[in-house]
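There are two complexes below, and they share chain A, which is joined by chain B in the first and by chain C in the second.
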Partner chain A sequence: MSRFHGNTQPPAGSVLEQLLAKYVDYMDSLRRESFLDDQFTQLLKLQDENNPDFVGEVVSLFFQDSERLIGNMGTALGKKSVDYKQVDADVHQLKGSSSSIGAVRIKNVCVFFRNLCEAKNLEGCYRCLHEVTQECVVLKNKLNTLFMLQKQIVAAGGSIPVD
Partner chain B sequence: MVLQRTFARYAERTAFERPLTSGVAYAVRVLHSEREQFEKHQGWTIKRMDILEQKPVHKDDYEPEALEPSPVQEEYAPVIFAQDTVSHVISLDLLSGKEDRDNVLRARASGKGVLTAPFRLIKTNRLGVILTFAVYKMDLPSNATPNERIQATAGYIGGIFHIQSLVEKLLQQLASKQTIDVTVLDTTNQSYPISMYDSSSNTSDNDLSYVSMLNFGDPLRKHEMHCRFKEKAPWPLLEMATSTGILVIALLLGHIFHATMIRIAKVEDDCRKMMELKKRAEAADVAKSQFLATVSHEIRTPMNGVLGMLQMLMDTDLDVTQQDYVRTAQESGKALVSLINEVLDQAKIESGKLELEAVQFDLRATLDDVLSLFSGKSQEKGVELGVYVSDRVPKILIGDPGRFRQIITNLMGNSIKFTDRGHVFVTVHLIEEVMDSIDVETESSPQNTLSGFPVPKRRLSWSKFRSFSQEVPICPSVSLISDPINLIVSVEDTGEGIPLEAQSRIFTPFVQVGPSISRTHGGTGIGLSISKYLVGLMNGEIGFVSIPQVGSTFTFTAVFNNGHSNLGEFGGPQINTQSILSTSEFHGMTALLVDPRPVRAKLSRYHVQRLGICVEVVPDLTYGSWSVLNCGMVKIDMILMEEELWDDSSSSLPIFLNHLRDNDPGAVPKLFLLTNSVSSSRTSNGTTTAIPSKPAVITKPLRASMIATSLRRVMGFRNRTDLRNGETSRLALRNLLQGRKILVVDDNDVNLKVAAGALKKYGADVVCENSGSKAISLLKPPHQFDACFMDIQMPVIDGFEATKRIREAERSFSGEYGRGNGSQDGKAVNCHVPILAMTADVIQATHEECIQCGMDGYVSKPFEAEQLYREVSQFFASQTN
Partner chain C sequence: MARNGAFPRRRASEGADWLDLCQANVEEAHVLAVDDSLVDRKVIERLLKISSFKVTAVDSGLRALQFLGLDGKKSPIDFHSLKVDLIITDYCMPGMTGYELLKRIKGSSALREIPVVVMSSENVVARIDRCLEEGAEDFIVKPVKLSDVRRLKDYMVRGCQPNSGGKNHQKRKQLHGSATSSSSPLPSVSSSRSRSPLVDTPAAPCSPSSLESPTRRLRMTSCE
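So, the complex of A and B:
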């Protein structure tokens, strides 16, 4: 049962309804497959008329940040003597920001990644780096789809369900 | 490892068990391959003994350092422990001594005690024998082959006997030394008997001597005792008597030797067992800590998930009953988490690391919280649950609410657990009240109790308190407390009681009344011991009285500081949402409470009065009762009636209502039933109207907030959207944070943005920074910011370090400007900015560290409205206030 915010204008027929249903389904699938958790919902709740593109800003900041961190990690792991502390610090950052936006999968990989850093397992670290990179790409696509749906909903005169 | 000192002390203490040995020593088996490491570990080299034997040194010349190191051998048996009397033998290799070598080899191959031939003992030069036992690494079967035994040998234990002193001691005991000459000979080698003891000056003719064989338990050695009269042949009668005496001596000697050997064997065995146990205990201790750490973490993680989801469920659109279920589920989850913390607490108590907080808190609200925690359980069991706080107890106290709550929760938890009928009743008074009045005693007299079930005399539960028996001023030791409030808290139940035989040990950790208790009721059995410790930290005492099949009453005292005396310094009191909601709207109303039982009426009145409602109490609704009230003068807004009276009042109630209507036609008092069980509340829940046939029901345990909710529902004060729980805390949070200037520090930009977004949502004016050093430069007194949220883990300067530096700057600032400690005009110069840690893990240790380095609290990331509110409300008085 989802509640909707400020449904002032009666929706223009079934198009909006379909969009909303699609959106809710999509959101559900993202949660079910652990791409996102409640923290992301919390972010959606923080977005209001004073801060209309809050989630978009946070998400793009996240991807900027994670691309930088992934780049750093790649460089650090490629060096002759790997500074695992540095790699670990970067993974920690990524873990923090991913849990802040509710990107559970990335966060989970990060947790594992840190263990491998501690164990100085180079091969494992590479594997994790690859995995994290993959997850970021996938999440970016998923979120793009989600935002597109949001835009369509808004364009159709609806508002985005947050629960 | 057992140390030499330990061994010496143990041997010393048990010396009386081996009256005839003059010392015990323990040597280990060291193979040559292990020698180097062994010597390094011990700090000395293995010394040879044979040279010492060849040229015996005099007592005073004995110098252990001068001894020669042992030459290379296949294996060694250096002495590592020795009783202090023979400590000079430490480091000597027994295998290098001739006699000892035979002994040792024989002892370990046979597994039995072995005696040496008598020889001159090192250093003392007195004649002695050594009894040697082998110590094995494991228990060997009795039929083990010599080879197996040698392989399993760990070391050797030796007891040293001075023959001379031995026999003399014995003879003295028989008091016949003067008349009898005793000679003890080692006759193992028949042709060269060795004299072990000879009391006579000349070994003359053998006539009239009595010879007896001695058995010291070593089959390979033969000993003979020759006894002879010193003087001439005495009377035959005496001769007969004496020979009997000699026989007795011989038997005694043999027996004592034998007993000693068994003793030594036992000591050796004990020693090995102790070492084994110690090793096991140490391993278990490490395992315990690891287990605690792991399990507590592993349980907390999923529990956080459960609690989080429940919190979200709370924020959805629920009716009152559903809300109650969710709240109960949530509280239970929290109780589980607290149980885990309890186990950790015990560990902390054991290491002496537990400390109390000193913060302002509302005792009544705290008790209400605990009450709601147990409400489900008590309703389910049909047990009446109540809390009463005396009016003389101040509203705001300063102390550790968490720990107080912990004690109460523990005591109430136990009471509920063991009570299946009757009541559980918590009362809080000032000690002075209890001391001054005797009516507390009459109050608890049988029949006049909360549920009507008899209870033990409450007074007995504190009969052993020191502060009561002696007329000393209570708590003279607590100099920190300027305005002490001495509370006495009793938790009374009508449960099954504590069996008399178990009463003495209920405060011992991990001890429960019986093994069946933990099976039927669960629990770790450490709650009471923790409570006792916590009460001690609060400068109080705890005691109880319990009668099996009647009930138990636990009473404890605790000292808090009065929170009103320095209200200004701490900022406003911690306002909880309940008090914001409840107070004003019912103010000035009057309720008529119908209850024949004074104790219960007092309890109900206490809670209703907390809402600002004036309460009149009548025992029933017969004319005689209410006619004394001046009903014409006072408008009665509501009638609260105990459920049990409902059926009986079918006739009296209408008359009473008519009477009221006669006086004031507009007066339609709302009728409420106070009930214990869930079932009856369910049937009439929500269908509440003013028709007396279907009264509204208030389910116990009574709490001010809960009564308020019920009243509001029936009296139609507000629509229910306002009552939604999450909404209220969000609204309150908005009230607190609106317009506040807050600094958020986090090295992670994404986190920073999210945290800032959340705070902005509540109306705060947020400034973001991404490093500890920037935070330090921005947070210089006098402060521009109202509060700071700081990440703990940051590179270069972390949150702890930054806070420490900020606090330092504040201290030096207040030293310059604040005239002394600056607390008088602390408001004019803002020199303490609240700093809250933001952390992803909520482990207690982190919390302690936060407090230690000067932080004011912590919030977990991501922000949760309620927690944020709780933390923030300590610093910001609500603007509506």
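So, the complex of A and C:
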């Protein structure tokens, strides 16, 4: 794996070299902490000059979708007679879309959440709802940072590493 | 047939070579993708486009049937101009599941030749078997990758028997390898299917008997 990840060798100590190093470190930490997995990298590979914002668009759709689903879950759990099947269906959807973008931590919370729906454990469900909401906020911030680094790399004449 | 890297276009004087047609069919192949998830639709659409397929993405089994003309509203002429070469559908969808959609397609004399691939986030043996039994070509575990989509070309050579009994067992073994068993007992693998193989299809450029293997033929047509 080249140090420059598909970029032609930037001058030593250059802004681009520093940006690339920073990006790679950040991406590594996101993977280590299970915020993102290889599926995210697979999506990055689908980006090209004709579709430079593909991943940003997918991510944007994901957060719109997750906000909607989380809202539905909250409403459903707040009802006098909770429809756990409905909550489970929404969690299943969120699990699917988080898996499709490589959002591992969110996916894992959803797996746990589904067990609690099956057990009709209201308190447990509320805890999961809170946790999944938090994870979405954290991931959104992390991705904003990542996308900003990507923009800086491109602005400095480089290309986004995809290994 | 020239092997100089450029595949010759149909020459008017010679008429269409059937390999020529198959290559052209695959290059322009039209995939109908069915998934209720907005995120997954966007991803599968991109995966398909980057693999040089034309794509129509719909959000439900009902819409898929409408598009295919199975809701009775489209005339046969309209249907043929849409020409779907492969259907890839999610299993778990509200309303009509991917499995129900599969059954409808395979139950239709107009559409049963179209290869169908099922996607699911649940890697369960019983589910896989159910889909293969009903005539699905393949079962892809989500999240879908580029390598999964590239494989779709294998199912697309026109006129070849989709999902004959023999392939079914091979594919089943392949898929069982990585799948988990559900709590319910496995359905017994029956070698006879209720539907007879497609010997009564209208004449197609590639007749099944003249092909050693659709996949091998397909590889031969893509000159480097």
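Everything that follows uses one rule, which is that the second predicted complex is superposed on the first by the 151 of 163 C-alpha atoms of A that agree within 3 Å, B and C clash if a C-alpha of one lies under 4 Å from a C-alpha of the other, contacts with A are read in each partner's own complex, and residues count from 1 in each chain.
Note that in this section a contact is a pair of C-beta atoms (placed from the backbone, for glycine too) under 8 Å apart; a residue touches a chain by one contact, two chains touch by 3 or more.
Because the structure is predicted, anything quoted here is derived from the model rather than measured.
**Q** Looking at the overlay, does A:113 come into contact with chain B only (first), chain C only (second), both, or neither?
**A** In the superposed model, A:113 contacts neither chain B nor chain C.
**Q** Pick one for A:65: touches chain B only (first), chain C only (second), both, or neither.
**A** both
**Q** Taking the superposition as given, does A:23 touch the first partner, chain B, the second, chain C, both, or neither?
**A** It touches nothing on chain B or chain C.
**Q** Which holds for A:46: it touches chain B only (first), chain C only (second), both, or neither?
**A** Both partners, chain B and chain C.
**Q** Quick one: is A:35 in contact with chain B, with chain C, with both, or with neither? Answer first, second, both or neither.
**A** neither
**Q** Which of the two partners, first being chain B and second being chain C, lies in contact with A:84: first, second, both, or neither?
**A** After superposition on chain A, A:84 lies in contact with neither partner.
**Q** Using the superposition on chain A as set up above, list the residues of chain A that contact both chain B and chain C.
**A** In chain A, positions 39, 42-43, 45-46, 51, 54, 57-58, 61-62, 65, 89, 92-93, 96-97, 99-101 sit in both the chain B and chain C interfaces.
**Q** For chain B, which residues count as touching chain A in their complex?
**A** 308, 312, 316-317, 747-751, 753-754, 757-758, 760-761, 793, 795, 840, 861-863
**Q** If you look only at chain C, which of its residues touch chain A in the complex?
**A** These residues of chain C touch chain A: 36-40, 42-43, 46-47, 50, 92, 94, 121, 142-146.
**Q** Using the touch definition from the top, list the residues of chain A that touch chain C in their complex.
**A** 39, 42-43, 45-46, 51, 54, 57-58, 61-62, 64-65, 89, 92-93, 95-97, 99-102
**Q** Okay, in this complex, where on chain A does chain B touch?
**A** 3, 38-39, 42-43, 45-46, 48, 50-51, 54, 57-58, 61-62, 65, 89, 92-93, 96-97, 99-101, 163
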